Each structure stands twice: as C-alpha cells, then as structure tokens.
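Same chain, two partners: subunit A is paired with subunit B first, then with subunit C.
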Partner chain A sequence: MNAVLEAFQMVATTEVAIAILASAVYGMVIGALPGLTATMATALLVPVTFYLSPIAAIATIITSSAMAIFSGDIPGALMRIPGTPASAAYTDEAYAMTRKGQAEVALGAALWFSAIGGIVGTVALMIMAPALAEVALSFSTYEYFWLSFLGLMCATLVARSSPIKAIAAALLGLLVTCIGIENPGGVPRFTFGMTDLLGGIEPLPALVGVFAVSEIMRAMTSAPPPPIPHRPLGSILAGQWALTRRYNKQMWRGNIVGVLIGALPGAGADMAAWIAYANSKRFSKEPEKFGTGHPEGLVESGAANNSALAGGWVPATLFGIPGDTITAIAIGVLYMKGLNPGPTLFTEKASSMYALYIVFIIANILMIPLGIVMIRLSRHVLRAPRAAAMPLILLLCAVGAFAIGNNPFAVVLVAVFGVIGYVMERNGYPVAALVLGIVMGTMVEQTFVTSLIKSDGALLPFFERPVSAGLAALTIAALAWPVLVWMLRRLRRAEPAR
Partner chain B sequence: MTQFTRRGALAAGALAGFAPLARPALGQARYPARPVQVIVPWGAGGGTDATARIVATLLEKEMGQPFNVVNRTGGSGVVGHSAIAQGAPDGYTIGMITVEICMMHWQGLTELKRTSYTPLALLNEDPPGVQVNASSPYQDVKALADAIKASRPGQFKASGTGQGGIWHLALAGWLGAMGLRADHVRWVPSNGAAPAMQDLAAGGVDLVTCSVPEARAIIEAGRARSLAVMAPQRNPQFPNVPTLNEALGINYSVGAWRGMAAPLNTPPAIAQALTAALQKVWNSDEFKTFMNARGFGMTWGDAAGFAAHMERTDANLGAAMRAAGLARG
Partner chain C sequence: MHLSDRVTGLFLVVLGALAFWGGSLLPAVPGQDVGPAAFPMVIGGGLVLCGALIALGIGRSFEAPEAADDAPPPGLAARIGGWAAFLPPALLIFYVLVSERLGFLPTAALMLLATARALGASWRLAAGVALLAPLAVHLAFAKLLRVPLPDGVLPAPW
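Right after this comes the complex of A and B.
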C-alpha cells in the first residue's frame, strides 16, 4: 500500500504533469500527420528524456505513443491516409463512414474505444503481467509461424472483394517482402544492384502509397463526388455509449486479443488491429455490412490496437524484450534511468511500476478531451475544396515518407505504390490485403525458415509443442471453414439450375 | 569521383589560403561556424542512434554549434554509410560508423570500406558473450566447448543476429579457434539479439552469442546464464563472467563497435579539432553515466587508434566470413 501512495507522490509533481501534457499534445500532432508514426514520435523524444526525472521520462513515452496511435485514425478516417500502420486495418471502413456523413461517429468510436482499450490493457498489465510474460516467453519460432500465418489469412476477411482477388493481392504483398537482404539467408534478393532496395520495402511507404496516393489519383480521374453536406459536426461522444452497449462483446474480444498479441514480442499493435478486425467480421451477424461504413469492426480493432500498446510493456518490463518498436525504445530509456527491466522492477522498484500504471491511466483519460479538440480542428479538412486539398495531401505523403529515414527513395516508393494501388483498385483487387501481405510476410518467412533450421528440416515439431499444436489446429480450421462454406453454397446454388 | 576529390582539393586549398592569415588557435575557433550534420546509418530509437544523440548533445556543448543527428536508414546500413562517405569534406558532415563497414564489402554489398573515411574517434566496443538457457546442463564454457566438439555437425543450434551478422561471425571465429568448421554449430538467423534471447529462454536454441549487455535483462530474470565473454578483459559490469582466454586459453576477440568518422579528405585541422572535442566528450561524466546505464562498453581510440582498430577488425572479420562461406570474391 505504501508503494502505491509513494507512486501517487511520484506522479503528482509539476514536472510529470507538464511532461504528460506536453507529450500528449506532441503525440496527437505527430500521429495525425500522415507518414509520421507513433514509433517516430517516441524516438524523437529520447534526447528530451536525458534531462527528465525517471518517471517524467517514461511518462512522455507512454503518453505520446498512446496519443499517436489514436490520432493516426484521424487522417485515415477523413482522408483515407492511415496515420500509423496500426490504423491501416480499418482505414477503409472509417473513410466509408465519413463519406456517409458519419465522420463524428467514426472518429468518436476510434477515440472512445482507444481510451477504453488503453485502460483495459493497463489493468491487464497490472494484474496479469507475470502470467502474460510466462505465455510470451514460451513462444518459440514455431508458435510465431502459426500466429503470423493466421494473421496473413485475415486477408480474405479485411476485403470486400472476391476471396481469390484478396489472396492474389496478399501474395503480391508477400512477393514485395522478398525484396532485400533482410531474409533468413542474408542474401540480397530482387535488388537489381540497387543499394536502396537492399533493406527491403518498409510497410509505411507502401501503405501511404496504396491508400492515399491512389485515392488522389482516383480523385483526379473522376468527377467530384456530391459534396458532404455542410453541417456542424455532431457531438463526438454522444453515440458512443449506445455503441458500447451494442458491441459490448466485440469490444471485450478486441481488448483481449490486443492484450495477448501486444504481450508477444515481435507482434504489436498493427497485427492486433488486423486480427481484431478480421475476427469482428468473421463472427459478425451482419458481415455483409463490413467495408460500407459499419462501426462494428472499428470498435473491435480500435480497442485492440490501444490495448496492445499496454500489452507490449509486459515482456519489456519483465525481460527487457521489446513487445513492439515503441517499447524497444522505451527499454533503452528504462536502462538510462536506472529502472532496469527484470523481475526486480516489480519488487524493489514497485513504486515506480505503480507510477507507470498511473501514468498509463491518466494518459488514456486525457486522450478523450484532447482527442475531441483534435477531431474538431481537423474536420475542416473535409470542407476544403478538392483542388486545394489533394495537392496538399500529396505533399504530406511525400514529406512523411521522406521523414522515415531521410531517404528520397521512400518518396519514389510512395509514388510507385500509388500507381500499383490505383491499378489494383480499378480492377477490384483490395489494397488492404496487399498491405497485410507486406506487414506479415517477413515474419512468416523468418519464422518458417528458422523453425526448419532448428528442426533440421522436419515438419513434425510444428505440431508437437502444445501451444504450437493449438495454433496449428486454429489455422487449419480457419483455412478449411470458408472453403467448406463456399462449396456448400455452390452446391445449393447449382441444384435449382439443374 | 573526380568531383569528389576536386571538392576536397578546393576545400583544402581554401583552408591553405587562409592559413597564413590565422594562427592555429584562431583557425580552430573558426570551426564550426555553422551547425554540423551528424549522420546515423541506423534507425531512430536503436542503440547506435541513442549513442549518436548523446555524443551530438555533448559535442554541441563542447564546440558551441548545434550538432544535428540525421537518421539515414535503408539498405541495411549501406545508405547511411554512403551518405557519410559522400558528404562534403568540410567538417560539416560527419557521422557514426559501425562495425558493419568492415563486413559489407566482403559480402560484395558495397565498395565502401574503412578507407573511405577520415576516422575521428572510436567510442565504444561490445564484445560477444556465450549465453545458455538457465536450465542448460553446461555450467561453464569448458563443458559447453567439450560438448560442442563431441557433437555431430549441426546438432547444436546458436542464434543472436541475422545470417552473416556480427554475432554469427563471432561464433564462426570462436569455432575456428577451437579447430572446428565454422558451421559445426548451426546458425539460426534472428532479427537481432532480443528475439534470439527470447528463443533461448523458450528453449528454441542452445546458445546465443550476442553481447552480455544485450542479454542482461533475461540473465537478471534468471532465465539464462552467461558463460564467457570473447574479449581480452572481463566486463567490469559483469565481473563473474570469465573471458575465453581464461577458460579455454583461446585468444579470440571480435566486437561490435561504434565510432565517429568524417568524409575522406576532411582537412586535418578540422579532423583534429573534432577528435579533441570527442575525447573530451568521451571523458565527460554525462557520457560515462549514459554508457554505464545502457551497459555499453567504453573503448577509446583516437584517429590513428581507430584506423588501426578498423584494420584489425577488417582482417579478422574477413577471415571469419571466408571460413563461414559468407565472403564473395
């Protein structure tokens, strides 16, 4: 109890309060700019943390990353540019809602369920960290292979097109991940002697290209759509309580998926959002509405990506293993500040851990008022004339891509993927499946090949370990189920014709 | 390339022209007259980035001009290393180069090598360690080495980084020093030290040859043990871990290092000013506190020392890569 009181004292200082507030605003802005990710927001804070007390330093990282993951939804919903890879899973859905004139519902849902997801994730971190860490540590490459394969199979679910075209798009994504030297063999593939291709294709430029640039190209070739009726944006939170009650089950499922996937090192908020969105559609009573501006999937995946953020701190604080790229940076700061990750952090430095939990909760509560302000400020984008908005968005895409690594090649990539995305969508191939292939491909290959190296080429170990066997069963069931349904439906449809 | 040298000659000529006008002390005071760009070939948030950022902050304090860190990522480090080498040799573009510069050219990935730079200072080196799972039967590195010698090729699995990465070469070099083939222990490529340590704890591999600081959290959590470090001396932060020389009589050491460098043909006066400032940075309490907190090893080398160190690393790694079948040409 003493430790909890001490923790409150540690948080209740002017320095920490200013740190939280400033980094909240900062994270909101960075996340909302297309191409600038939550990871980048965190990385740029590191030099600042040199000058802060330990709790204030950690608070800036927690707060800015939580805000950035939420505000990445804003450009996604308003302009179809996912601000961070974690919002790519439901960008199309949110954008469709905006086109239906429901921007405030879409963004309100993103905000409300992000905050809830963040708080649930923190509570899970508080009461279950050691148990979750145990699960995370039992994952070897065999388990990761099945998990990433499951993630890849979401391709047919995140799209509204025919499954064949979705699979084709995902395979194209897998082909893209073959580029570069960062494969298990350490051999350059498809680089054509170009240095820039050695490191492979990062998901972010591809993401910005296929979503945003292709949208701009479409806008240039088509007549302007009927303008969205000019009306004041409705109350942002009004409808959310009703949504919470209506999609209560989905929200909890999203939270649980988020915490579990977040706690696994190497799988972060991005994967959690994809899997949650796919789950939502798979178990929905009205899957046909998905992709047309239906809030159900938004609720589940919006909750999942923020709870994953908290889940990522489990292996980070207990074993110093990063749960995602953000905690990878946070671990460095923990060491710097003498809060070395390990079980002793929970015993000897318990008050610091409690302080960390308190910061998490404050950040997620603070997200709601700040988020409302941010949404109200950014909605003006919708009223801007297309001729003014589109060039500006294109410029933002280029700047965002360049900012990732100060490498002009990323800008070229954005343009190339813009063309690819445009051609694909023109022909009914879902770009979301392509992005999923790029996000998951490296992990599928890496885990499959290293597992085979470890097993001397035998396939049996993929099914031998208990967790691995369970995940394999899940994968095979998920693989067989749609085929069965499809065949049954075909049979039924074929019969009356006979 | 001609333009490259011409620009270098121009800069040198300009400096020579001014030399009679200014005394050396004044010449030093003139540099830097504007902000300096510090290129980091690796992404924001990593260990190299963090080190470069603290060095830049302290250099700014020392030299009175901003030192701006710019991450130039891509191409597995090739892009950023090229950007440093191809910068204008006027002292306003410098960068942090890493051990990969002594590896990439052997693989045929780039023409760049250690001689493409004006070395300024070596700041850090982390030697590899030998880590096993806490429940592993091998209590010391001798027992492990004997078991490896007695095993059939490929029976033992090791990890720590990607194929052909620095920790892979550390293993290959160690096996070579024991008179075994470089692939006697099979290498399981991973995305860095943290996933490898996690796989070690999950029972996926037998040993991990990453640096001890990288393994620290898992060791302190009681999931793994460090049996040895491949270094001339023990690490003062981990005094209980013996060196390979103590345990096996093998004098093999190769580590991952970071240092500052400028483009080739940077005027000597400027390079010397930077080296002197870097030495003050390296000796400062702030830098020491940072390096100790992160567990990074502190190794100093001035311009000549750094050049010699790179030459040694280059030869060692070249031999290890040829033995492991990773070198080309």
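Right after this comes the complex of A and C.
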C-alpha cells in the first residue's frame, strides 16, 4: 500500500502534469498527420526525455504513443488516409461511415473504444506483469536466450511480408549489434578502425533513421494527401454507449486480442488491429455489412490497437524484450533512467511500476476530452501542409540525434539508417524486424554465449530445463510455421489440378 | 529504389559471407571455446542462407503486392525521379559537415528551404519555414535543454 501512495506522489508533481499534457497534444498532432507514425513521435521525444525525471520521461512516452494511436484514426475516417499504420486495418470502414454521413459516429467510436481499450490493456498489464515476474525470477540464461530468440521469430511471423525476408532483416539487425567493443572477448569487432564505432551503434539513432528519415524520404517521391473536405460534425460521444452495449462481446474480444498480440514480442498495435478486424468479420452475424460503413469491426479493432499498446509493456518491463516498436524505444529510456527492465523491477522499484500504471490510466482518460477537441480542430490541423511539416521533422532528427550524446556522428548514423530503412521497405524487407534485431542483439548474444560457456559448448542443456524446452518448442514451431503454410498451399493448389 | 530479389538476395549472401569471414578472424578468448567470433559467424551463416533463398525467389508468395502510386509526385521528384528520396539523408550529412563552421541557424535554414522546396512548397511557405523553424528549434534545444548547438557565423540572439 505504501508503494501505491508513493506512486501517487511521484505522479502528482507539476513536472509530470506538464509532461503528460504537452506530450498528449504532441502525440495527438503527430498521430493525426498522415505519414507521421506513433513510433516516430516516440523516437523524436527521446532526446527531450533526457532532461526529465524518470517518471516524467516514461509519462511522455506512454501518453504521446496512446494519443498518436487514437488520432491516427482521424485522417483515416475523414480522408481515407490512416494517420498511423495501426489505423490502416479499418480505414476503409471508417471512411465508408463518413460517406454515409456518420463521421461523428466513426470518430466517436474510434475515441471511445480507444480509451476503453487502453484502460483494459493497462489493467491486464497490472495483473499479468507481477504474476509473470514471479515466474521470471527463476529464469536462467537459457530461458532468456529462447525468449529473446522467440521474440525475433514472432516479429518475422507477423510481418506482412515474406518470412525469409523478415528473418534476413532481423539478422541484419543482429549484425549491426556485433559492431563495437562490447562483446564476449572485449575486442573491437567490425569497427574498421573508426573510433566512433568502438562504442557500438546506439539503437536510438538507428530508430530515428529507420522510422523518421525513411518516412521523409518516402514523402519526397509520393504525392501529398488531398485537401480535406469540410463536413459539419454532430455530437461525438452521443450513441457510443448504445454501441458499447450492442457490441459488448466484440469490444472485449478486441481488448483481449489486443493485449495478447501486444504482449507477444515484436507484434504491436497495427498487427492487433488487423487481426481484430479479421476476427470481427469472421465471427460477425452480419459479415456482409463489413466494408459498407458498419461500426462492428471499428469497435473491435479500435479497442485492440490501444490495448495492444499497454500489452507491449509486459515483456518490455519484465524481460527487456520489446512488445512492439514503441516499447523498443521505451526500453532504452527505462535503462537510461535507472529503471532497468527485469523481474526485480516489480519488487525493488514497485512504486515506479505503480506510477507507470497510473500514468497509463490518466493518459487514457485524458484522451477523451483532448480527443474531442482534436476531432473538432482536425480540419485545421490536417490542413498543415506536408511541405512544412516534413522539413521540420528532418531538422528535429538532426538536432535530436546530436542531443543524445552531443556527437555529430549520431547524425551520420541517422542518415545511414534512413537510407537502409528506405531501401529495405521498398524491397519488401520489414523494418520492424530490423529494429527488433538491433534492440535485442546484445541480449541474444550475451545469453547465447553465456549459455554456451556454461554448457561447455554442448547444445543439449538449451533444451533440458522445462521452461526453456517449452520456449524452444515454441521458437521452432514459429520457424516451421511458414514452411507448413507453404506446403499446405501447394497441396491445396495441386488438388483441383487433378 | 526498387531492386530485384536477385540483387538484394545476392547482396545478403555477400554480406553474410563477409561477416562470417570477418568473425572467424577475431582473436579467441584464451582457455575458452566460445568467444567474440561465435555470434557473427552464426549470423553470417544465416544471412548467406536467407540471401540464397531470397535470390531463388522462395517465399515470395507471402508478400503483399505493392500498391501502385499513380498520382504525380511533388516538386523535385517530378524532375529527377526516385533519386529525390535521397535528398533528406544528403542534407543530414551536409548538416554534419558544415554546421560547425557555418553555425546552426544558417545550416538549418538551408536544410529546411531545400526540403520544403523539394516537397513542392511555394517560395513563400519555404522561406517562412526556413526562417522561423530554426529559431524555434534553437530556443527549445539550446536554450531550454542546453544542447550545445554550434554558433558559427550567426549566433542566436539569446
């Protein structure tokens, strides 16, 4: 109980209040602008978090990402352009509702069910994480190795691309972490004699490059979004309670799917929304209405993407394994602020964890009034010309990367990873897998090499402990899954030919 | 920058082979079988395998077809095509090279002007962005967050 009180004290400071408010507005605006994603919003915030207290720093990340995931629905509903990839699954549906003259219902549902999803996700985080922490205390390097490896495999499974390309992308990320002197031998590895590379490649400049610079690069060759037509909006929350009662089951299914997908390492809000929308259609009593402006799928997937956001924090705080790309960034901030992820975080720094939950709840409640304001102002915000927003983001990439260590080399890294991210995406290599490889590489190598040293080079001990055997089976299943799907497809194709 | 799977796959094979070879040259830790060489060699091997599979076109059936973008691209891309995409990273390198001597404000203004114009902004909008945004960013980062942004030839007024 003491820890909870302490947590309230930590949150109830002016600094945290300002941090939450400012990052909420920032997240809302970035999320609503097409092409600027929630991950990019978070990555650009990190240099600012250096100068904040630990709780305020975490609060900015939680708040801005939650707001950005919601406000990505706004241009989706009004212009049929998802503001963030997490909204892409149901953009057509929301736009169809707008065309039927129900823009306020679509936006209201997006807002209302986002907030509910966020709160349910937080409650799930509060229940799941401490319970899992008990289990995680008995984990050794073998379990950690399989967990981090499984995380990488999951990222390749959920990528909407060729699994081989996804694995290659993850391997590339792992290769990046080989650079530097931090390895089992303490020898300079792949540094090519450059002192700047001795310390290795920090994940943050890589993230800013992959998520922000490559987005600006894409904007250079794509047409700007069309101007937004003027539509008068009615009351936004009216009718949402009726929808909640009518689609209660769908909402809960969306929440649960969201939390589970979020907690799965490597799969985040966008994947949760796609799966929830597909589920909603499959189990619906009236699937023929989907795509014609039917709120059912909107309810389920809108709830799922926000609950996934909280779910992503489960593996992040417990194991230091990111649940999605946003927590991949958050883990860096946690380390920087002395809140090292791990099961002991829940015993030794319990008050900080409670503070984290409180911030999540506040952010999701704050989302409703701020969201209404944002929807009302959306016509003006969305009119901001892309040709003015993108250059500013580019400048922030340069200054932000420099601010991390006052080292100009970080800006070079941002440029290099921008090019890598752009070229990879254009050729069907999922960048999320690359990022996961970069964030988890050190952990994979450390646990792999330590385990091998412990076992004297034998592979059998990797499978001997019960939990590690289970994780190993899951990992191998994840590897074999694409092969199975491929064989099934061939069999099915071969049959009608006969 | 759309390359064929054969090109990217072969690139990965070469990269993986180099990683494997480079890893194998690393000195071992005395008295231990597993050292800094193990991990790069495993990854290098994996990259060679994946690259070969990609070059052979295996797994392509999983890929979603790319959405065609038929709207005309803005500003610079209309003139030089896909190469326009490489302007932002080039500007970042430009920033690293000249900001120390020229100072943050002029360098940032040039960057913003170039990007805005390349995205098809009017001269008025581009100039407005280039004049105001560097001042705002300097205020936030140098004044409030105390990041040592270079003064160069034009120090900030505060």
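Assume the second predicted complex is superposed on the first by the 275 of 498 C-alpha atoms of A that agree within 3 Å, B and C clash if a C-alpha of one lies under 4 Å from a C-alpha of the other, contacts with A are read in each partner's own complex, and residues count from 1 in each chain.
The rule is short, and it goes like this: a contact is a pair of C-beta atoms (placed from the backbone, for glycine too) under 8 Å apart; a residue touches a chain by one contact, two chains touch by 3 or more.
What you are looking at is a predicted structure, and each value in this text was computed from that prediction instead of being measured.
By the touch criterion defined above, A:G193 lies against neither subunit B nor subunit C after alignment on the C-alpha atoms of chain A. Of the two partner chains placed by superposition, only subunit C is touched by A:I216; subunit B is not.
Legend: residue contacts after superposition of the two complexes on their common chain; A:P466 is shown touching neither subunit B nor subunit C.
In the overlay built on the shared chain, the residue A:M390 is in contact with subunit C alone; subunit B does not reach it. By the touch criterion stated above, A:A415 is placed in contact with subunit C alone, subunit B being left untouched. With both structures placed on the common chain, the touch criterion links A:D456 to subunit B and to subunit C.
By the touch criterion defined above, A:G338 reaches subunit B but does not reach subunit C.
In the superposition on chain A, A:P184 contacts both subunit B and subunit C.
In the superposition on chain A, A:N406 makes contact with both subunit B and subunit C.
Counting contacts by the rule stated earlier, residues 47, 50, 184-187, 406, 409, 449, 453, 456 of subunit A appear in both its interface with subunit B and its interface with subunit C. On the side of subunit B, the complex with subunit A involves touching residues 43-47, 49-50, 53-54, 57, 69-76, 78-79, 82, 109-110, 154, 157, 159, 162-165, 186-191, 194-195, 197-199, 201-205, 216-218, 220-223, 290, 293-295, 326. Across the complex, subunit A meets subunit B through its residues 39-40, 42-44, 46-47, 50, 136-142, 180-182, 184-188, 195-199, 265-266, 315, 318-322, 325, 328-329, 331-332, 335-338, 340-344, 404-407, 409-410, 446, 449-450, 453-454, 456.
Subunit C meets subunit A in the complex at residues 1-3, 5, 8, 12, 15-16, 19, 22-23, 26-29, 32-40, 42-44, 46-47, 50-51, 53-54, 58-64, 66, 69, 71-77, 81-82, 84-93, 95-96, 99-100, 108, 111-112, 115-116, 118-121, 125-126, 128-130, 133-134, 137, 141, 145-149. Against subunit C, the residues of subunit A that register as touching in their complex are 47-48, 50-51, 160-165, 167-168, 171-172, 174-175, 178, 183-187, 189-190, 213, 216-224, 385-388, 390-392, 394-399, 402-403, 406, 408-409, 411-412, 414-416, 418-419, 422-423, 426-429, 444-445, 448-449, 452-453, 456-457, 482, 486, 489.
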